[in-house]
Amino acid sequence: MTDAAADNMPPGAGRAAPAVETPWRRFMADFCANRLALFGLVLVIVVAAAALLAPWLAPQNPYDIAKLDIFDSKMPPGSASSDGTLTYWLGTDGQARDMLSAMMYGMRVSLLVGAVSVVVALAIGTVVGLTAAFFGGRVDAFLMRCVDIQLSFPAILVALILLAVLGQGVDKVLYALIAVQWAYFARAARAAALVEREKEYVEAARCLALPRRRILWRHLLPNCLPPLIVIATVEVAHAIALEATLSFLGLGVPVTEPSLGKLIANGFEFLMAGKYWIALFPGLALAMALIGINLVGDHLRDILNPRNAR
Amino acid sequence: AQELKVGLSTEPSSLDPQYHNLSPNNQIALHLFEALVAQDPAQNLQPALAVSWKAIDDTTWEFKLREGVTFHDGSPFTAEDVVFTIDRAAKVPNAPSPFTQFTKQIVGIDVVDPMTVRLRTAAPAPLLPVDMTGIRIMSKKAASGPAPEGKTTEQLNRGEGLVGTGPFKFVEWSRGNQLVLERNDAYWGPKPAWKKVIFRPLPNAATRVAGLLSGDVDFIENPPTVDLPKLASNERVTLARALSNRVIYIHLDQFAEPTPGIPDTNGKNPLKDKNVRHALSLALDRTAIVQRIMEGFAVPAADLLPSPMFGTRKDTPVEKVDVARAKKLLADAGYPNGFSITLGTPNGRYINDAKVAETIAALWTRAGVKTQIEASAPPVFFKNRDEHKYSAYLAGWGATTGEMSDPLRALVATPNRERGMGGTNKGRYSNPAVDAKLVEAMRTVDDEKRRTLLQEASKLAMDDYGILPLHFEVSVWAMKKGLTYTGRADQYTLAYLVAPAQ
Amino acid sequence: MSDAASPTLELADLKTHFFTRDGVVRSVDGVDLQVGAGEVLGLVGESGSGKSVTGFSILGLIDPPGRIVGGQVLYRGEDLVQASSARLRALRGRNIAMVFQDPMMTLNPVLRVDTQMIEAIRAHEAVDDATARRRAVAALTQVGIPSPEARLRSYPHQFSGGMRQRVAIAIALLNKPDLIIADEPTTALDVTIQGQILFEMRKLCQETGTALIWITHDLAVVAGLADRIAVMYAGRVVEHGATAEILERPRHPYTHGLIGSVPTRGHRGQALFQIPGMAPSPLRLPQGCAFQPRCTRAVAACAAMPDLQEIAPAHQARCWNPVP
Amino acid sequence: MEGSGSVEPRRPAWPDPLMASPIVDLTGITKRFTQRVDLAGRIANVFGAGLHETVVQAVSDIDLAIGEGEVVGLVGESGCGKSTLGRMVAGILEPSDGAIRYRGVALEAMTSAQKRAWALGVQMIFQDPFASLNPRLRVGETIGEAPVVHGLVDKGQAADYVAELMRRVGLDPAYARRYPHQFSGGQRQRIGIARALAVKPAFLVCDEATAALDVSIQAQVLNLFMELRQSLGLTYLFVSHNLAVVEHLSDRVAIMYLGRIVEIAPTEALFDAPNHPYTQALLSEVPKLEARRRAYRPIEGELPSPIDPPPGCAFHPRCPHAGARCRTERPALRAIAPGRLSACHLNDG
Amino acid sequence: MLVFIIRRLMQAVVVMVVMSALVFGGIYLVGNPVTMLISDQASEAERLAVIRDLGLDQPVWQQYLTFVGKAVVGEFGKSFRAGEPAMQLIFQHMPATIELALVAMLLAVLVGVPLGMYAGLRPDSLRARGIMTVSILGFSLPTFWVGLMLIMLFAVALPEWIPGWPRLPSSGRGPTVDILGLKLSIFTAQGWLHLLLPAATLALAKGALIIRLTRAATREVLPMDYVKFARAKGLSERRIVGVHVLKNIAIPIATVTGLELGQVIAFAVVTETIFSWPGMGKLLIDSILLLDRPVVVAYLVVIVFFLVMLNLVVDILYSVLDPRVRLEAQGR
């Protein structure tokens, strides 16, 4: 039995292959191995690009009310505007906004709300969770009771109540979403930190008399991040969906700067009237974004899961 | 025709006919109870439990009651029931919107004989018969109880003591789910066509329409305007419509200086200038709003009440949109570059309110007044409005009494709490001439004189652009083919008026 | 019992490979072994040398992406590689039993011990519950668990590590198998507990004539237990012979080095013998003799794979240049 | 029930020549892990739940002095408190009771400079070669971090310093930019050693430092330890349950049982003639290459729980020689021969 | 166990106090409920009378203290809008929500667990991949949009396109039957028809979650030594999957199902809005929009209590399913 493929390994050489394999490269290689996840990533990139570049790509600025011509409202897809300057490829809504533009701008709001709320919640939650785990004792008990209380309440209710109190507005939605999410991250961060804290490399760092802060941020934090990143990706999707839901219920963003959720809510009225495009297209866009993010998150979970780590 | 299923946009908050003065409650109460005086679809007064009424002197009204009417429980209807009911209105605790507003002028009730009552008032009360349309007579026998008010609201909600003379009897109510009524076969008037009526709350407009299309319900109120073109062309569906007494208007802050929401005029309030108000009115393309946003189910307004109603004028042309002139007026007023303004609007209180506001914003912006809208949930909007946080806001007013004094008093009279004037005049428009005519009218029992006074008062206010009427809502009902309904100005959905088509 | 001439189990050129994303892992790449009734075979090798995979291959318990790609597993002359899955299942636990390394993990934590024992009996025999229970009690007594009736109703977590391993062994013994494959059953245990278990296992095999394959990476453990030792390296048996032969006269340089690198009495403070380098990745095995890159005695011939040759009576080694 | 701890001499009766200046000196070291009852628990107790604190006495009343350059082996079954003791010596855990002296200075009396000297002077080598390295740091950073933070080397020279250390433990300095996952277990253990050496320690606590390694790799690491001891004059506390390894490396061996040292003696003496019945049993238990086909009665029973240790001599339930006294009175750790201490009533004759 | 219950109850009390205070202050800030309740025609005197009647003239902290004082003896005030005790309103609406949530969860479990196990047992099969892709859709799509599309499809489009296709009711609850004083619709065929779409909407997301959870749990359990050991004992595959694997994955599934039930009840707010389902969630939304504070606060109190009880039940269930867990010892 001959092994043609097997090549000799120099004695003492590290197991793995070419040059320096950074965790990042390893991660990318793992990531790209799954086609579904790549597809998800492409979806996310397309959606994000459409959102980010909306001011340059969108045929119309749907937030500029002076530009809206009421006589162009509720045009089916493919109609030309009454002044003949542009074609509404996806139709217009009840306010004569070009659906395509409105969706791109709406996606901006949705993504912004999702991303910003998650980033802030992640930051808050991580600090709280790590602090609780690292210091333990009363600090831990207090912080975790707060988290428990927050988590004993379904997100949508907290957000509903908060928004009812705060009123409408993108910023208010952000506050509500952050308030809803930080606790997840705090708990996850604490759980991860408790596991990591017991690992011997932390003990080694303490043995080397490294300053606490350094241990916390340089040793603990980076190793607690993977599960948090997984949660964060999925939470972005959650946040976007939650914002859409809140807007749908009439408690989210203001009507003049509709997010995708608000667009769908607007379209809901038109559904029975046969003006399907007003609810359908933003819904599809939202679904695309969420599916993309979830696909990516799903796969991230697989490859960042320490159980699956090789 | 056995059963009629009706989809309501708003469920009654209570079945107590004297708890909450609110359309959804009143329209249900009208099935079970009757008032002394009724209103026809155009809100003209009609005899009901009273066959006739007349003013005996300036402060006394006499009502002759209908003979041979029995309550659902078989007991006869008499003057005692009227006394009991009018008394009870003031005793219902925690009433969020009490019925005393209809009875507060009454200082005494005299039972002349079992079929005659006299209501005495402190001051001349020309509108007392109108007020009496809001007081639905309960059975003294059935609704008495240990509590001061007799049967409590809670008991009535359960159906205890819920005994009237109306065309339907109560069967069951499961809040949020359905209210079931059955025909009162002993009803004195025309018998309803339906043995049983089921009201289902379907607050979501789209679901309501879906319910109708899927046959879940036979009849719905307030189908969303967007669906109307499609429903109108659907041969399985019939529409009924009626011009309502509700005007949608824009109020402009004509008091505060500086006024919130206009940041760029160095503290000056441009809205105090009639030219500016005129310009804003000229910029409004009311026809476009009615056509595109309201799908044609509204009527452009030039006054606060639609024309044939009491106190309205015949010759009130709707302001034609004229952007050029608006710009010129603005320039004349010293704002050649316009200014910025925030327009407040509730979101979900009136038909398409926020959408209309958005359109207005676009229209004004084109005329040079850069407009932002601030749409809020109704409670927030009303709070802000009451705290004078808007320099301009969109709202609506339904004249339940169906005559002109009602909107004038509420919307354009100089605010005065004690006299109950200008309660909803949050733009704080004040015109002594209007006030004078109005006060005069309200003291006048003679209908013709009063009508003229009211016409004059409203003309003064309209010509001054003290308030900008937009349109009158058209109420719409949709039903499956084979039913008919006469639309009502008071927007009530009354199952006993639904009839199978011949 | 069967006649001594035909071994209970014989592996002939067994090959089990894992087809992973990174390539083919030749975990077991041509293993020949046999074990007879009442005999104890020690299977020794460093981590990753393929001991466990060999054990699992015998019972057909290789999970995808792994597959037996060649060779034979002859149980009393029957090739289990070709056997149907029903046949394999009938053999498992009844004729060939297995004990695993981690006593914490081998018993299902949510099932009571009696459930797990009785199901093992009833999977092979239609006996009533009472009989099965009696046999379970007997098996527990056999492995030295005090008050077995009461302990039967316990959950695994209520046992200590040593006790749990005894329960696992009792389960293996339930159906009186001909062969037990024990995959490092004492590695996770303390020395004192390991001592108890080794002692009992040997007693049991002697009493029942059961053949035993004892997998371990610790030569010292099999020194006192096994009749014969097979040393594995990179998926192949590199040396095989009677225990005393192997320990006293190791002929393969790897075995030789392995024995040299174990600290022993009387050499305190002296440098241990050191095999240079480390075990090759099973993904990239060197050509020819897998040990050649680390071997001090490597010669040109080592570029080709040597066969397992008889070097002395009942002593085989896979080497071109064995230690004299 | 109470042990005779109070009458027991605090210092070993027999002065060890090596002990002239112990580098680390432990007296009466005890470590308890306490699980408290929280508010809810206290309320529950009002209703008669009867909850109380659980105390794990992981390490009890240990006296141990380790001389400069000495290698002390610490042996015992799993859970007997070896790691806990090692971590207290390394300063990662604080003892609940007792005093630690480093180079003659008691912990409480230390200046902050002395504290740092102790913190850096005693380093640990860990068991798990996978968990003991931060997977997100390059090997060079892992090794070079502490000396830079503590100002032992300049940032600029760190790379050279790291290269030097890597060579010292037998790693190719070219691998400094790699991540831990790219190394084998033995190599990782070398990285761990280099990391410890980077702060120029005098004392290494090796907690099962070779337990996770294959025999052939273990030999390499053991050789490295011995080589470092020679070249750097290091002192070791070598924690292990592998008697053969301990015997190979240590000058003195301490046997622990349930949080206490039951016997401590120079290696040769201990292995030639174990005194304590537990030591005897342990030694007979160890499989040896030389021993073929042993026939012996293994030690009965298992290690009791440290939450609820048996009274008297903790070993008496498993001890073949246990008498009535063993069940009630805890034997003191006493000198039985020069340099040898044992805690057994049998020695009293 | 006792400690556990006490801990939960303490937590519940804290949540209730925090939430009710927040809501009290919050609604006070938002607006005056009277503006929504009272008719525009009412005079100022009437307005003031209403405000006094409802106790809204007092400073908010005093209102809160009054509320707490009464709440302690179980009085949560009357709904501003309906004039009925808030609790009574909530209990009237509760059966509808619970019924919907239970049916949805049941549907999710009945569909999710088998599919999840299949996907876990054969992770590489085409069907498993299909299941997983669909499940991603399931929990990606926002509930309200799914609800809309279902209405669109089953109540409007399909019956229009395909003659004879049954039109599913898209709103309301259908006829109810009184069972032990509860009005339930699951005992009539019409009731089931009405339940179908809203329950499916809710079940889709939860079913997807359960599929993924079951799959993950199965995949985690399968490589365990005890599964291999069970094989080595010669057990049949059916017994291994049906007993050894199922019993182990039942632990996380039961736990999550229990906790998700709380989420379903909370999320019913959305579904109920779309389908005009007369449950608690709709009551809440309406009450929030109308600033009907007593109802909002009472709802929260009920929900907190419910969730805490649910958690407790889940924990107890957990300890029943997993013999390793002793509740006292748990630090949670």
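Think of it as A, B, C, D and E in the order they're written, each chain with its own count starting at 1.
Here is the rule we use: contacts are C-beta pairs under 8 Å (C-beta built on N, C-alpha and C of every residue); 3 or more make two chains touch, one makes a residue touch a chain.
Not measured: the values here are computed from a predicted model.
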| item | value |
| --- | --- |
| Busiest interface, counted in C-beta pairs | B-E |
| Chain whose average C-alpha position is farthest from chain D's own | B |
| Euclidean distance of C-alpha centroids - chain A vs chain E, Å | 24 |
| Intercentroid distance (Cα basis), chain E paired with chain C, Å | 53 |
| Centroid distance [mean C-alpha coordinates] between chain C and chain A, Å | 50 |
| Separation of mean Cα positions, chain C and chain B [Å, integer] | 90 |
| Where chain A touches two or more other chains, by residue | 12, 15, 164, 167, 250-251, 268, 271-272 |
| Contacts with 2+ other chains: residues of chain E | 30, 148, 151, 156, 273, 289 |
| Residues of chain D touching at least two other chains | 38, 184, 187 |
| Parts of chain C lying in touch with chain E, wherever the complex brings them together | 56, 59, 61, 63-64, 89-94, 97-98, 100-102, 105-112, 119-120, 123-124, 155, 157, 168, 171 |
| Sites on chain A touched by chain D in the complex | 12, 14-16, 20-23, 26, 141, 199-201, 203-211, 214, 219, 222-223 |
| In the complex, chain A residues that touch chain B | 65-66, 68-71, 73-74, 94-96, 164, 167-168, 250-251, 254-256, 268-275 |
| Complex contact set, residues of chain D against chain E | 38-41, 43-44, 47, 49, 51 |
| Complex contacts: residues of chain E adjacent to chain A | 11-12, 14-15, 18-19, 22-23, 25-27, 29-30, 133, 136-137, 139-145, 148-149, 151-152, 156, 220, 262-263, 265-267, 269-270, 273, 284-285, 288-289, 296, 300, 303-304, 307-308, 311 |
